[in-house]
Every structure is written in C-alpha cells, then in structure tokens.
Amino acid sequence: MNLTQSEQAFLTDIRQFLADKLPADIRQRVAARDDSQLKEDIVAWQGILHAQGWGAPAWPAEFGGTGWSKVQQYLFDTECALADAPLQLAFGLKMVGPVIMRFGTPEQQQRFLPRILSGEDWWCQGYSEPGSGSDLASLKTQAVREGDEYVVSGQKVWNTLGQHADWIFCLVRTDSSGKPQRGISFLLIDMRSPGITVRPTRLLDGGHEVNEVWFDEVRVPAENLIGEENHGWTYAKFLLGHERTNIAGIGANQRELQRLKEFARAQRNDGGRLIDDPVFAAKIAQVEIELMALEITNLRVIEADERKQAPGPEASILKIKGTEIMQRLSELQVEALGPAALLSNGESRIAGLQPDPSLQPANTTDFYLNQRKVSIYGGSNEIQRNIIAQMILQI
Amino acid sequence: MNLTQSEQAFLTDIRQFLADKLPADIRQRVAARDDSQLKEDIVAWQGILHAQGWGAPAWPAEFGGTGWSKVQQYLFDTECALADAPLQLAFGLKMVGPVIMRFGTPEQQQRFLPRILSGEDWWCQGYSEPGSGSDLASLKTQAVREGDEYVVSGQKVWNTLGQHADWIFCLVRTDSSGKPQRGISFLLIDMRSPGITVRPTRLLDGGHEVNEVWFDEVRVPAENLIGEENHGWTYAKFLLGHERTNIAGIGANQRELQRLKEFARAQRNDGGRLIDDPVFAAKIAQVEIELMALEITNLRVIEADERKQAPGPEASILKIKGTEIMQRLSELQVEALGPAALLSNGESRIAGLQPDPSLQPANTTDFYLNQRKVSIYGGSNEIQRNIIAQMILQI
Amino acid sequence: MNFTDEQRMLQESTRRVLASGGEFELRNAQRDGASGYSQTLWQELADLGLLALNVPEADGGIGAGAVENMLVGEAMGEALLTAPFHASAVEATLTLAKLADEAQRQRWLPALASGELIAVLAHAESGNAGSLEPTTTMATPTEGGWRLDGLKSMIYHASNAQLLLVSARIQGAPGLALFAVPSDAAGLALHSCATVDAQRAADVQLRGVQVGSDARIGGEVSKGLAEVLDQSLAALCADAFGAIQSALHATIDYSRNRKQFGQPIGRFQALQHRMADMLIHTEQARSMCYLAASHAADSDPAARRRVLSAAKVLIGQAARRVGQEAVQLHGGMGMTDELKVSHYFRRLLAFEARGGSTDQHLRRYAATMA
Amino acid sequence: MNFTDEQRMLQESTRRVLASGGEFELRNAQRDGASGYSQTLWQELADLGLLALNVPEADGGIGAGAVENMLVGEAMGEALLTAPFHASAVEATLTLAKLADEAQRQRWLPALASGELIAVLAHAESGNAGSLEPTTTMATPTEGGWRLDGLKSMIYHASNAQLLLVSARIQGAPGLALFAVPSDAAGLALHSCATVDAQRAADVQLRGVQVGSDARIGGEVSKGLAEVLDQSLAALCADAFGAIQSALHATIDYSRNRKQFGQPIGRFQALQHRMADMLIHTEQARSMCYLAASHAADSDPAARRRVLSAAKVLIGQAARRVGQEAVQLHGGMGMTDELKVSHYFRRLLAFEARGGSTDQHLRRYAATMA
C-alpha cells in the first residue's frame, strides 16, 4: 500500500501519540484480553482521545469530530488496534451519534453529542427482540403516546454492555396497522428511568457482555424521539449502512495474527516450535495472505467511497471475509495452545476456581468462543450473502 | 471391516478369477485410462463375465443373474475396480434391465434381457433434453400413437456412448394435457431406425463421451412400450432409486488413491518425492481417511438394505461424498504431476499433435477434467442435498 | 455393525438414567460447584453397574468391550455428562485392569466399581502432545520406594480423584513405569480449573513425592498403557460422536421451529444444504466411531493406532465443522449458555484438544503411508 | 488503485481488438490448427503496439510498466487468447530488454515489437518446480562458443518460436547464464503438445547444441532473470484474474437466464450463497493482482517475491474455487466445449500449474515468517 506524504506524516503522529498517551496498564489489560476494568478503560481512553481532539475520528469537524478522510480514519483504527488500545464504544460514536447528527434536532445535537465525544454518556442499543434477530421489522416493543410522553413496554435482547449504560437508543413500535417496517419509531431512553430492568444473558464463554432489557411502562419524554414518529426504519437503515472504513477489522485481525505467531514461535516443553511444523506454518501463511488481500480490498473500498462511487456489495464482502479471518485466527490460536486450550477462564471464574494464569495466555479459549458472534451479529454472514446475491444477480 | 468366512471365500474366488481371466491388454488400457478401444474392451469383458455366469452381478438368478447378496455385489465391484477391469455398461445392466424385469412383459424380458447379459446389445439412455437436466418432468420429445406404432420426434442430450449403441431407452411425452410428470412414457427404440441422428458433443476434455440424439419421425413398434402409456415417470423413478451398492464407487476411489500415491512416491528430477512433503502427505492422508470412513458408511447402508430398513438419505450421502472424494483424488493427482499436468491429450489429439506419452501418465489431466461430471450427473450434488434436507427436516 | 440386544439395552438404560439424574438443568446447577457434577447421579451410574463396566469379570465387574464403551460413551456425550466417568470408570479402570497386580486389583477395582473411589490416569504432559509422546516425569528409586518429580498437564478430574496413576520414566531404564499416588501425598500440588466443557482438570505438579514400593503398578508398562490409551480414545470418540449427533439434531429441530421473515429458517435452501453437509459429517463420524471400537482392542499396535488416528482426525474435523455450523445456524441463541447447542459446541472443542490434536494424528497417520 | 486515462484506454483498446479478431468462434476455429492461434490477430496486436509494450522506449518501444501489463493481461485472460503474447511479448521481451547487449537488442527487439519474431524463455525444468528452483541444463565452453545440454519442460509456445532463450549453468561458475538458440539449431528437439488451455507447449531437449559466443546474453543473469520472472508472473496473475472474473460473470448470467423447476436457478439461495463466495474470491484475487503489479518491479528481491508468492497462492486458490464452482453451477453445459466457461476453467487449471504451484509458493511464503 502506497501512502501519500501527508498520510505518512499522519501515521507518524498517531504512532507517537499512542506511544505517549496510551496508559501502560490499559495497554497491558487489552493485550491480555483482561476485561475486569472494561468500562473504566474505555472511558479513560475516550477522555484521552477527546483531550487530543480525536474523540470522534469519523465525525465531521462541525460536531467536534476530526474531519479526517476515510483513509486517515482507517489508519487511525488500524494503529489503535495494533497498539492494544481499547476499542472506542461504537454505540455512541458510530451508531446513535451519526443518526442524531443527520436526523436529530439542534437541541438533541447539543444535548447528546458533546457527552458522547467526552465519554460522559455510555450508550447502548435496543434493537433485537426475542424471535427477531436479523428480522427487525417484526419487533413488538410498544411505545404509546400519552401527552408529551411515550410509555414504553416490552423486551429487548442482545443488548451489549447495557449494564454500564446511561442511555439506550431503541426501536419501538408506535403503529401496528400497516406493513411491519412502517410504524417503527426511534427513541432515546435514559437508562435510569423507572421501569427498566437489565438482566445479564450468560454466554458460552461465561462472560457478561449482553443483557436482556425489560421495559415496564417506562415514561420517555416525547422530545427524545428522533425525527418523525413511525419513520424509525429509515433511521435504523441509515445507521446499519453507515460504517465501512473499519468493518473488516484489519487492525484487529493483524493484531490477532501477531498473537498467533507469538504462540506458534513459543518454545514448547519438548523443545520444538509449532511454526517449524510445515503444516501449521502453511495454515498461518494462508490466513496471513488472505488478510493481506483483504487489506487491499478494504483500501479499494475506501478509495471508491472517497470518490463517491455507487455502493456495491463491498461492505458485505468486507464483513464476511473480515469475520471469517478473525474466526480462523482465533481457531488457530486455540490449536496452537494444544491441551492448554481446555481451560476456560469464564467457566473457572463462575465455579470459583482461580487457575494459574500461565496455564493459558490471553484468555484465548474464551476469546475463541466469544468470536463465534462476529459471523452472527451486525447482519449475519448469511444475510450478507443474500445482499451480495441480490446485488450481483438482480433478479 | 469384518467379513464372514463365506464372504472371505467369495473374495478369494473373485480375485483368482480376475487374475486368470482379465486379459492383460485390457487391464493395461484401463490402467492407462486409454479408451481407444473402449467398446471392444467392454464387450469382450462382458462376454468373459457372462461365460463365468457373472454377467449380471445384481440380477436375480431367475433372469440369469448371479443372485449375489448386496455384500457380495459390493465386493465384486470393488475388486473389479482395483484390478483395472473395464466398467460394466450400466445402461443395460443397472438401468433398463431392472425396469424390464419389473415392468416389462414376458416377451420383452425374453427378447432383451439375455442380450444385455451377453453383451450383444449395447444400450444407451435418452432422458435429458436441452433445458431439462435435473428437471426431467419438463421434457418435450413427442411420441404420437399411429396404429400399432409410435412416431417419435425430438431431441435428447447427454446421451452417453450412444455412438456405439444398438438400443436406446427413452422418456417421451405421449400426453401434454395434465401435470408435467403425467403423460410421460417409457419407450425402447432401435438405434438403427430411420430418422435417428447421433451427433457428438465436444466436452472440455476433448473426449467423445456424450451425444445429441435427434429423432425425426422415428417409427417405433408399440410393443416396445414399457408398462402403461403415460406412466413412464413411475418407471423412471424406479430406475433412479435403484442402485445403492456401488453408488459411492469405493473400489474406483481406492484405485485412484493408489494411483495418487504412485505419483507422489515417484522420484522427481530434483531427487525429492512429493510424499515426503508434509503438506502434501497430509492432503493424501486426509482423503484416505475420508475414504476409509466412506467404506464403512457404504457397508452400513448395505447392511441396512439387507435388513430392508426404510431407506433414508443414505444414497444421497454416498453419492455426494463418493463423488467429492473422486474429484479430490483427481485434483491431487493433477497437483502431483506439477507442470506436466499442463498437457491435455484430448486437446493435443484434436490438434493433430502426438506428445510423448511419458510426459504425463494415464491421461491424468483429461481425467480430472472429465470427472467434473460426477457431481453433476446422476442427480447433481445440489439435488442430493435437497433430498437430504427434505428427509431430515420434513418441513 | 450389528449390536446385540444386550448392547442396545445397555445404551438405552444409560440414556434413561442420564435423562433423569443428568437432566440438563440439574447438570447446569451442579456444574458451577466445586466438583462440577452431581454425586447423586454418580451413585445412580454406579447402581446401574456402569462404573463396573471396565472391571473384568474375574474381579467382580462386567468386563465389557469396546463396543459397550462406545454405546455408553455416545450416551454420555449426548447428555453432556460432567462427572468423571471417562476419566475414572474408563481410563483409570482400564489401566488398573490391564496392569495392576492381584493386591492392587483387590484394593482398588471394587471401590472404583462402587463409585467410592475416583482415580485418574496422570499421563499427558504439556507441550508434548498428549498421549502421542513420551513422558518426562521421572521416578527415582529411594529406600523402600520411589520419588516422583514432574508436571502432568490438564489431567481431567484430577481434583476430583483420590488416586492418581502417574506415568514416569526411570533413569537408565527403557519405557515407562506407573505409580499409584494418593491425592493427599506430600509434594503433590494441583492447579485446578474448569474446562471449556464444564468438567474439572488440573495441572499436577510432583515435587519429591514419596511412594512405597507397592505403589508401582506393573513393570515396563509402555505397551499396556498404549493399549489402554487407544481404548480410552475410542470411548472418547464415541462421546464426541454423541455430541456431534445431538448438535445436528438440535439444529434440525431449531430450524424447523424458528421463524424468520415469515417462515421456518429450515426452509432456506442455503441453510438446508449446510445441514445436509452436517449430516454427512455426522454419518462419516459414526462410521469412524464404529471402526475405532472394532479395532480398539487389536493387539497389533501399528494397525490399531492407524485406525485410531484416522478416527481422531475425522471425528475431530466433524466436531469442529458440525459444532461451528450448529452455533451459527442457531444465530445469537447459539451463543447463549441457555441452549444445549453451545454446550455441545464446547464439548466438541474440548474433544479436539484431548488425546492428541487433529494435526498430530493426521501426521501420525501420514507417517504410515510413505 | 487509481489508473490513468492512458492506462484505461490501453485496456479498452486491447479488449476491442480481442473482441473482434479474437472473437470466441474464430479463436476456437484456430486453436485446433498447428500453431493454435490466428496470425491475423497476432498482426492486429502488433498494429495496436501491444507487442512493443515491453520494449523499452530507448529501443523504440513503449516501455510500459507492471500496471500496463496487468491491464492488458487481464484482457488477454478474458478473451482466452491462445497466441504467444505472454510468452513472447511479455516474458521473452522483458528478458531481452533486461539482459541483452546493444547488438542483441537491435537484432531482436524491433522484430519482437513488429510480431515478425516470436521468442520464448526456456527456463523451467520438470520436477524442480518451475521458476522456483535452479536449472540443471549445462553450458560448456567450446571453441568460439558454447555447447548446451539439458531438458526444458513445458515451455509455452516453444514450437511457435524462432528463438529460444535458454538458461543454463556453467560448470564451476556461480548462478545462471543465458543463451539465444535458434529453433532450427542442430541438436534441439521439441516434443510438442497442446496444453489444457489450448495453447502450445513443448519439452525442449538440448543435446550438444552449438551456439556462438555472441549467443550469450548478459553475464551472470540470476538476479535479472528473477526480476523478469516475477514481472512475468505478475502478468500471468492478471491473465488469471481476467479469466476468474469472466467465469464469475458467465455464471451470474447463466443463473439469471437458465430456468429449472420453473424459475431461474439464480433464485435458489444455496446457489446464491455460492456465487457470493465466488465474488469474494474474485475481489480478493483482484486485490492481489493489484498488489503484485505494484510490487513486480521492486528491487528488493525478498519483499518482491513475498508479495508475488502471496499473489500466486491466493489467485491460484481463487482460480480453482471459482473455476470449479462455475462449471458446477452451469451443470452439464459447463462440461461442454461450446460454452466459454469450460475454457475459463481450463485456463485457470493451467494457471495453477504454471510458474510454481500454490503449495510451492505457500511454502516459500511461509519460509519468510519463521
């Protein structure tokens, strides 16, 4: 990949910033995949970025964003991942933020956007419901208008990290008479409102990442409605189609590739190294080559975006291939650990056991288990293949 | 696999017979995949088998078959493949023969079956038509009854080895008024009838294996109708579901595995052997293990058949996995040849070139090309997966 | 493969007791506790005679063969059993049945059969590929006995056992020796963890552990131990097959009932074809499970290990493929602890990492071809 | 990757001339003849200046770079060209442009540019992995020249060439030397065949072939030849990419139009998902094609070969996958010589076997990681 001189200078700045400003303890926890202080780390890092003026790499300058080009955003995301910086929380910055910028009132923009930038408000998402995963149009959570309030009742699932949240953006049903997509509205709800209950969903890695959120006659001021009533589907679609620069997760994949190589280069008890096994080395080489190609594919999409070429199936390609590579890397990491992969820290923690941390580096097994999600969420890879087929076949 | 004592004795007999009676020149041509005398070899071998009383391994004794159990048939098929015997022609023995036995009149049985057994009649199949490959119900070739004759007009495609044939069994349309499956009849037609034209279809391997067969007002005696007019669909379905003992091609696959290992064990110019490359050795081991499992799967199906257990999706499993293994073996053979695989004997022959036969053993590249068919014909592997899904899901 | 009526009944009664005492919610309630399994269920398994399955008839047990172990193992996998059945009642029991002397047999086999005693074979060592490579743990003769030093890795249910059967090398002597070590021996330390399939395992550290002369089991045990390990692996393959088949069935059921875009997701052809492929993997795995059982007791080590390695490879690959597809086709629900499918997935992941990896067995198999 | 207007026009004009003079039926009529290609079309390529593409400007040519070669190569793959463009106008021309002295340049480059002369590089030898390994052909000094002995394997268009550039070792000297050998030289024997992609190739036997001192091209040519071979490989990758993309498009078109069970087969979701995967392979291949072109002229051999090997691996895998799926989704029609798809399939099979196999390049790449 050939960078321009100014892009090269930009890259140097970012690397310097990361070297100077990313706290060592946070960096170590991210490297060890230790999420015991997840919220504190994310909020602290968002504050550091905000102080630098980099709180929102993808936002336009008028809303306090960096105004960076897409190539710059890509470089920033990649370097942050390689430096073991915490992920910036997407729910505010990449999801509800752009919706508020595009469809919110000036009052909503002034009220919410600065607190997303600073990290003061932790946002979460209320989209999926029991039985409606990829098929959002079938959602049932009701919002009934009473005076200048909506009264919201229902249940959301797959709410990520809502246990830490100050606010939730929700799709709710305000009209059941027409087509399912009609009659959906987009509401912002204070998580401290009476009637909200958050219950953890136990996942296969033993972690607490997602919740069920129950709404029992929760009263929401009508001023928290985004745009027009019953037009929420439009805003939801805008949100889903929004993010393309980091959808392939190139930096995160490169970081996991490094880790895989570290595991494979480690001397084992019997003196051998896995990377010297031609069969395993070929597996690493294979995924490294696919990632090399995907990096170029990603840059091609970014270039086309900058030239405002009509969007094609590219985002779906990046999503599918990026997640397949991530799952493959986590799978090979587990293979590289051998019998040590039998340990689950999540399962052990729940059972009250504290295994020797040296038994397994970086919670790798639980990471593998957790990464099964990436081909399911954000529009499952099956949905992405449907999208590609519709675009290329047009029948 | 554990054979009974009598099965073991049977196996010994067959091996002895193959060692004694399979002519060396035929064996060599089959081993070299040399089909320059294909018809002569098949007919000669059928004659030898017939003389032994083994002309029809799968037929009941009353029609001159062996009356063998399915395990015996399996052992026979496997040993023949391993010994480089020519394939027995399926069109008479495994397709029209059983239909005549089940649905034919005594006159038809006496007229046709002995000549199939002896190899005097070469049969071919007239099923597919342009635009109706796996969707046979849409066929258009017309047979109009005039007195005690049918007048047949239309076109058949994918007619295998019909250039050598004495007879063709055809699905023809005798009624267009009802559902497509209704109104199809099953006719036996003398290939010497006036109005029949056979045109070769050039395939990607440069070989002449299939034809188009054109019928231009061909007059067929009504006594050549099988069963009832308009009931041909029933007979065709009977025929398609008939063969399960050799559908996985265990013997043929084992033979190709041997050949692959020969290629991989050959000393190359640089002194190395491909089988000593751990990555290539792992590929061979992988396919060998899958074939080992498939052999057991096949024997389980045969056992269930002998116990007359209800048929499930097993035949489709055997078809899919057997053909996938065959294609994989041919692919690895091509890989093993390296640059020598660039040679196509079919293409060379058509261009009037006679390459040095030592450049590439056993027409391997053309074999690979030709074997693309096995996942397409006999009910494509996609159709087989549909069948499996219907059976296991039942929705 | 034709099973006798007795064999079928054995499997059915195993399934019955696991369906009641090992029912999914009960199991889950137990697995977060210290031992990770239900003592009540363990006693029910003993009452059914399952813990005596591998105790020879001469020692008062059932003296079952590889086919019985396969049928029972399949049921254990289906039921996601977290109790130390495989570790104690299969692997350790087979080890003692094969190698122990009369006094040792009388001391331990009845207690194993009754469920009072839990024993495990502590053989595998980290970094040298489980059962595939020799041990580096050392036994040194002392006055009146032996001193043991070494590190055994990820020994299933070591923390639940009262007795560890520890393999070791003796300086200057060929092959392996085996020693019975009580779990409370001085110098023995366990680093316990919960495994990804909700069982318990531990790294076993031996630092100057002293045992008496009577603690030694057999003489040079390499050949006998190899046989036991292959029989144990065949039983483990059956356990995995039970989980594979159950994961497939769970997926089929789910896709029949779960609706999306107005129809059962099982109507979507792309998913249908993937379930068809899952079935093919499952049936191929079943075949290798049968083949492994029918060769598990072969006396020719080369032929036996060739089949066992082939089985581990093919079933390991089916485990990964069917497990991953099952979770994926369940969508988000497949990620939850609530549905069985995620537990099958984890059990299958554990299978891949136990008894030698797919790559290791593929390499071992390939070495027989050259 | 942003192309200049000139580069886009070059590709479009290449496509235009191939669409007329290289039209599919014309091509097929020619390919069964002795040379396997149309002389008329060859002249049209010359008239368009394409045969001068790799002749340096100083020698009266165009002196194009890797990007131009990529764009033209892609069009050649799309058009299933059977003429010796890659062998003569890319590989041999680049070899002479890189290594020949002034007299040699004047003698051969104009003739190559005009299409009068066809030359090929005879470098690869059977069994030692194409361009990846050194040659065993030997050059021995004689009075006034050299004697050449050896066997070159599957040299594309050797039988159509008047001039062979033969690489050889000199006893006692390091590296490689290169010699120009006229095709009618005594002691030179060709075993010609048609290749699976309907081109011509030959094994070239050299038995005491005598050439003069002026036949030697350059001195020690290993480094220069490695550069040429990598540039040639990048162009070959582009040719393969053209065929991959065309096979995908043919499949999409076919599945839109071909009806089965009353609807276009493109409506079947299982096939849709497979076409989606074909597209992903195609786009990944395109990316590697670009990357290969942008590194093909790197002077650091290690970095250059790493990218080229990665490209050969990924494009080779895409070639196999997309080629096989394209034939399969065409059903029986995909097996016929009548449709282009079977020709793309064969061209892609040839690509896999040329310039080092996927496994060889994967191994070479993996060696850079340890």
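We just call them A, B, C and D in the order they show up, numbering each chain from 1.
One rule holds for everything that comes next: a residue touches a chain if its C-beta (ideal position, glycine included) is under 8 Å from a C-beta of that chain, and two chains touch if they have at least 3 such contacts.
Just so we're clear, the structure is a prediction, and the values are computed from it rather than from any experiment.
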Item to check | Higher-contact pair (C-beta pairs counted), A-D versus B-D | outcome: B-D
Item to check | From chain A, the most remote chain by mean C-alpha position | outcome: B
Next on the checklist: Measuring centre to centre with CA averages, how many angstrom lie between chain A and chain D?
Outcome noted: 44
Checklist entry - Using CA atom averages as chain centres, what separation in Å is found between chain A and chain B? => result 53
Checklist entry - Using CA atom averages as chain centres, what separation in Å is found between chain B and chain D? => result 38
Item to check | Inter-chain centre distance, chain C versus chain D - centres from mean C-alpha coordinates, in Å | outcome: 54
Item to check | Residues of chain A whose C-beta touches two or more other chains | outcome: 277-279, 282, 382, 385
Next on the checklist: Give the residues of chain C touching no fewer than two other chains, as numbers and ranges.
Outcome noted: 268-270, 272-273, 362-363
Checklist outcome for this item: Per the touch rule above, chain C residues touching chain B in the complex are 1-2, 252, 255-256, 264, 266-267, 269, 272-273, 275-277, 279-280, 283-288, 290-291, 294, 310, 313-314, 362-363, 365-366, 369-370
Item to check | Contact set on chain A toward chain B in their complex | outcome: 277-279, 282
Checklist outcome for this item: Per the touch rule above, chain D residues touching chain C in the complex are 268-270, 272-273
Next on the checklist: Using the touch definition from the top, list the residues of chain D that touch chain B in their complex.
Outcome noted: 31-34, 36, 124-130, 133, 136, 153-154, 191-198, 201, 203, 258-261, 268, 270-271, 320, 324, 327-328, 331-332, 334-338, 342-343, 345-346, 349-350, 353-354, 357, 359, 362-363
Checklist entry - Which residues, counting only chain B, touch chain D once they are in their complex? => result 128, 131, 133-135, 157-158, 201-204, 206, 268-270, 277, 279-280, 331, 334-335, 337-345, 347-348, 350-353, 355-356, 359, 365, 368-369, 372-373, 375-377, 380-382, 385
